[in-house]
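There are two complexes below, and they share chain A, which is joined by chain B in the first and by chain C in the second.
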Partner chain A sequence: MNTRILTLAALVCVCLQSVLVFQLPIGFYQQRFWLLLLALAVMACVYLMQRLANITSSRSAGAKFSQLLVPALFGFMVLMLWEAIVRGFNVPLVLMPAPSRIMSTLLNNLPTLWADFQQTYLKAVIAGYLMGCGLGFVTAKWVVRSPFLQKGLLPLGNFMASIPIIGIAPIMVMWFGFDWQSKAAVVVIMTFFPMLINTLAGLKSVDPLHADLMHTYAAGKSQIFFKSQLPQAMPFIFNALKLNSTLALIGAIVAEFFGTPIVGMGFRISAEVGRMNMDMVWATIFVAALAGSLSYGALALLERWVTFWHPSIRDKRS
Partner chain B sequence: MQRLKSLTQHTGFAVAVVVLALLIVWYMAALWMNGQQLIMTLERTQQPWTYLEIVRNAYGIARPPLPVPHQIAVELYNSIVNQPITSRRSLLYHTIITLNSTLLGFAMGSILGILIAVGIVHNRTLNASLMPWVIASQTVPILAIAPIIVVVLGSINITGILPKAMISMYLSFFPVTIGMVKGLRSADKLHMELMMTYNASAQQMFWKLRWFSAQPYLFASLKIAISAALVGAIVAELPTGAQGGLGARLLSGSYYGQTIQIWAALIMSALLGWFLITLVGLAERWILKRRGAVL
Partner chain C sequence: MNALHPDVMNRPTTSGRSMVEVNNLSLIFEANDAPVHALSEINLTIHKGDFVSFIGPSGCGKTTLLRVIADLEQATSGEIKVGGTSPNDARLNRMYGYVFQAPALFPWRTIRSNCALPMEISAQSKTHQHAQIDKYLQMVGLQDFHNKFPWQLSGGMQQRASIARALCLEPELLLMDEPFGALDEITRDHLNIELLKIWEATGKTLVFVTHSIPEAVLLSTHIVVMSPRPGRIVKVIESPLPRHKTLALRDTDAFHALASEIRQALAEDHQLD
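Right, the complex of A and B next:
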């Protein structure tokens, strides 16, 4: 009974805080009284998260629901704090725009942001990602047959993984021009080595028992590859694909810092930082974050579908 | 014959062959790319030319589209040995600037990552609320916010190496957190139960058991974290009109078409990354050896 009242009080407190943030005049933390409400609201959020986390570990029917709700509540708490501090202390726009301001900028500039997204993501990232991953896969498939090449290429691949490849961006811009082709080239080089190393590890991880079994079936070379080798390499390949989806976006955006036509997410960020339009910068970053998270999520879903037999995925289902 | 066979199976031989092949491809590509440019300029001025001349001159252009390794080596030698280390023309000067912010960011990121991991392992609420965000933070193209952090911190009078270090920190905390969460949870179950029967507190459990079970994981993560920190430092030097650093060197090289300078900075950053990872590897060997691990 007691916990129920407390939960209700916490909910009311959070709602009150989130409504008041928008109603009070800007700079309301000059009256220190409102800071008390903010502290209360944060404590209320923490309390709610604790209660929900207990449900998660109790293996009840609501566990799955609260598994999503706890991080959502945490995100909400951060947004609430951010909005309240920016409005309450009247933080200048240059320093940090409020989330509501970023959202309205985003909605008001949709055509510009869409053009940037098209230039950077739909052209450079996707073309470079497909070519880099495809090239890495083909090279791995070719190298795995020769132990000599493996010995020679693996140390080089590991060395390349340890160096900041992003530095190649200015050279690519010089070679392939300002348009999206140079960004795609940077993405190809950045995604190639993770794909090569992971695919190689995956293709080498084949269970010898499986290979023997395929042999007793008198399977042909392509049958062995498609029915035994490739499926067993898939978890490794998806690791690289997921890692590369973030790398590709970073590569394309950073490459645009070195020269670009007047469109593209990297161009937008560097241009608007120069003009101190921080709300537009944050809106672009929001788009980039959304694109990054969605592509990562889509790849994760695809992985569940392709490698449904893998223990790590079967465990989650049961 | 036997000796020759054992030589060809050595890893070093394989690496040498691959590197040699790469160098040959490099020189051929340079001949092709630089030669084309030479022919274009000669034809524009309507001067006569022969293929022999082109081949002779292709490796000596001042701003070649693709510099060859010996040109880069000369540039590296000139900008490291022939310049005093305090000069802005010295590559070592810029390397040290980048190294400083990399190391500061790496230290901050590692400590932050370890603290978050300890919190996540010991507190159920933190595990449920923070862990998904830690993972989500990496699907975001973090480097894109590098200019913002530098501008924001600059406007409240925090300049110099700290903003760059913050970006390195943001990039390097993630692998440490993930590795440490895994490592702290990897303590042997029998040992944990033994500690339970001793009525050990959570603190004792941490310092006497979990901390040691996490060390191998920690070092694997630190190697990833330090190369991420280096990337962060270099990118942070790009868009800010930074005064120095390898990133600034890359940017000024690209503004003025100084290709050899770009390649020299690139090679230098590769060497720096390799050196830092080797350093972490040495520390790993030393510490794990003291614990009696077989390496």
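Right, the complex of A and C next:
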């Protein structure tokens, strides 16, 4: 009941904001009355969201609902504020396009953006990510039994990790050509060591008692690996997978600044910046952010499913 | 069924009936500062069908001796035979089951699936696995919790699950390191009786580490009294009590006499310190 009234009031405030923002003439910041009304609507909305957020922490029936509603409203309000500032102060397009402008650019250039996405994400990022993570995992499984190799590899890993992509990207272009293969190579280099180091730590995190137990069962090497070590390492592996999903996207985009065919998200950003088409740059950034958060979210969901037993996850559940 | 063998220590080797034979065994841990003499010149024969308890203050090498039998530690000198072979072969033949001091269950497996693990590893049939698990979870009183995860159970229940897991294998030799240490007294009494029942019914050999004198007296046919620095056997006491035991036995004179004999053996040794 309470939740419903609050929700309705918050929606009204948000609608009022939107109407004000979109109906007022560009450069309206001098019109005191409307500005005051807008500020009031924003403040009322913040207050209502606070009330709604408190419902989330108490365990009422509306908790689940407001748990989704508050972030959605908040996100929308931030967009409206952004829109209001750009319109109100008539900010030039090269400095900061309004969200509405970015959206319309996005919708008008869907084929181009889709081609860029295919080139950068579906080819370079995914191929590089799978190869980098796979190689890191296999190497970790291989060196976990050898302290000598670990001692040799880990400093090398730290060294490699501290090489900036700016440095390796041009080299990879020389080695693997202009197309997505060189970007995938950059991604492999960026994702390999986080995966190696995390998997290694995970495989070594096996409880000595569990190792003794498997020993008394006279378990074979692969049984020990699949029934004890691998499940134990899963939380570590997922940390690396999540971290790498972000690194891979950054790596592929930045690598495209150093030579690419005339398609790809990194190419689009550098080319459109040159032409002062900032709305297109922002639209590309939006696609990248969307792809990044969706893949991160999917990995986080998978993690919850695979490592349901881990204290950090099972506590959240109950 | 179980003939008396008064001279358990320093008995010559080779007997078809011996389950564990330890001769002059020593084990030294190379610690950073000074070597630790965890076991010093241990001689011990455990016969098939015996119920042997190790008792002594902590640090006297009870766990280490059990781990040597289980091939989890290697002796520095001396020899040991388990079931007539080396501990390594005994382990590879899956001759023994081991219950650790902590439950050591896998958190991603349910109680049922934890119990199934050793049987999965030795490739036993699914139907056999389920029959065994039902039987032994019933025995430790966890039949209603078989689909729970270990972290949904109390520490005592987890330990009972780990005991059921070892029992499911029905090994010739059962090694238990203070299995009931974390349990409340009522559960402990119940499991003591269940363990005695299993032992009587199957004629298995049990080696049992405990801190509790009454528990040692109630369960054992032989009580091995140990002492630390260096870890050694002070005395092996053969129980005069009948093999078939009940909780009521704890109020008899024979029970108290044996308990005080153990207490004395432990105390005498402390005066030497």
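In this section, the second predicted complex is superposed on the first by the 295 of 318 C-alpha atoms of A that agree within 3 Å, B and C clash if a C-alpha of one lies under 4 Å from a C-alpha of the other, contacts with A are read in each partner's own complex, and residues count from 1 in each chain.
What we mean here is this: contacts are C-beta pairs under 8 Å (C-beta built on N, C-alpha and C of every residue); 3 or more make two chains touch, one makes a residue touch a chain.
Keep in mind the model is a prediction, meaning the values are calculated, not measured.
Enquirer: When the two structures are superposed on chain A, do chain B and chain C clash or fit side by side?
Expert: fit
Enquirer: Looking at chain A, does chain B or chain C touch a larger number of its residues?
Expert: Counting contacted residues of chain A, the larger count belongs to B.
Enquirer: Please work out whether A:259 is in contact with chain B alone, chain C alone, both, or neither, and reply first, second, both or neither.
Expert: first
Enquirer: Just checking: does A:73 make contact with chain B only, chain C only, both, or neither of them? Give me first, second, both or neither.
Expert: first
Enquirer: By the touch definition at the top of the document, which applies to A:194: first (chain B), second (chain C), both, or neither?
Expert: After superposition on chain A, A:194 lies in contact with neither partner.
Enquirer: Once chain A of both complexes is superposed, is A:219 in touch with chain B (first), chain C (second), both, or neither?
Expert: A:219: touches chain C, not chain B.
Enquirer: Applying the touch criterion given at the start, work out whether A:97 contacts chain B, chain C, both or neither, answering first, second, both or neither.
Expert: neither
Enquirer: Between chain B and chain C, whom does A:227 touch in the aligned arrangement: first, second, both, or neither?
Expert: After superposition on chain A, A:227 lies in contact with chain C alone.
Enquirer: Under the stated touch criterion, which partner chain does A:281 make contact with: chain B (first), chain C (second), both, or neither?
Expert: first
Enquirer: What is the contact status of A:235 with respect to chain B (first) and chain C (second): first, second, both, or neither?
Expert: neither
Enquirer: Smallest separation in Å between any Cα of chain B and any Cα of chain C in the superposed model?
Expert: Least C-alpha distance after superposition: 14 Å.
Enquirer: Chain B touches which residues of chain A in the complex?
Expert: 46, 49-50, 52-54, 56-57, 66-67, 70-71, 73-75, 94-96, 148-149, 151-153, 155-156, 159, 161-164, 166-171, 173-175, 245-246, 249-250, 253-254, 257-259, 265-266, 269-270, 273, 276, 278, 281-282, 284-285, 288-289, 292-293, 295-297
Enquirer: In their complex, what parts of chain A are in touch with chain C?
Expert: Interface residues on the chain A side: 207, 209-210, 212-220, 223, 227-228, 231, 307-311, 314.
Enquirer: What does chain C use to touch chain A in their complex?
Expert: Residues of chain C touching chain A: 70-72, 91-94, 96-98, 100, 102, 104, 106-108, 117-118, 120-122, 149, 151.
Enquirer: What residues of chain B sit close enough to touch chain A in their complex?
Expert: Per the stated touch rule, the residues are 8, 11, 14-19, 65, 124-125, 127-133, 136, 138-145, 147-148, 151-152, 155-156, 223, 227, 230-231, 234-235, 238-239, 246, 250-251, 253-254, 257, 259, 262-263, 265-266, 269-270, 273-274, 277.
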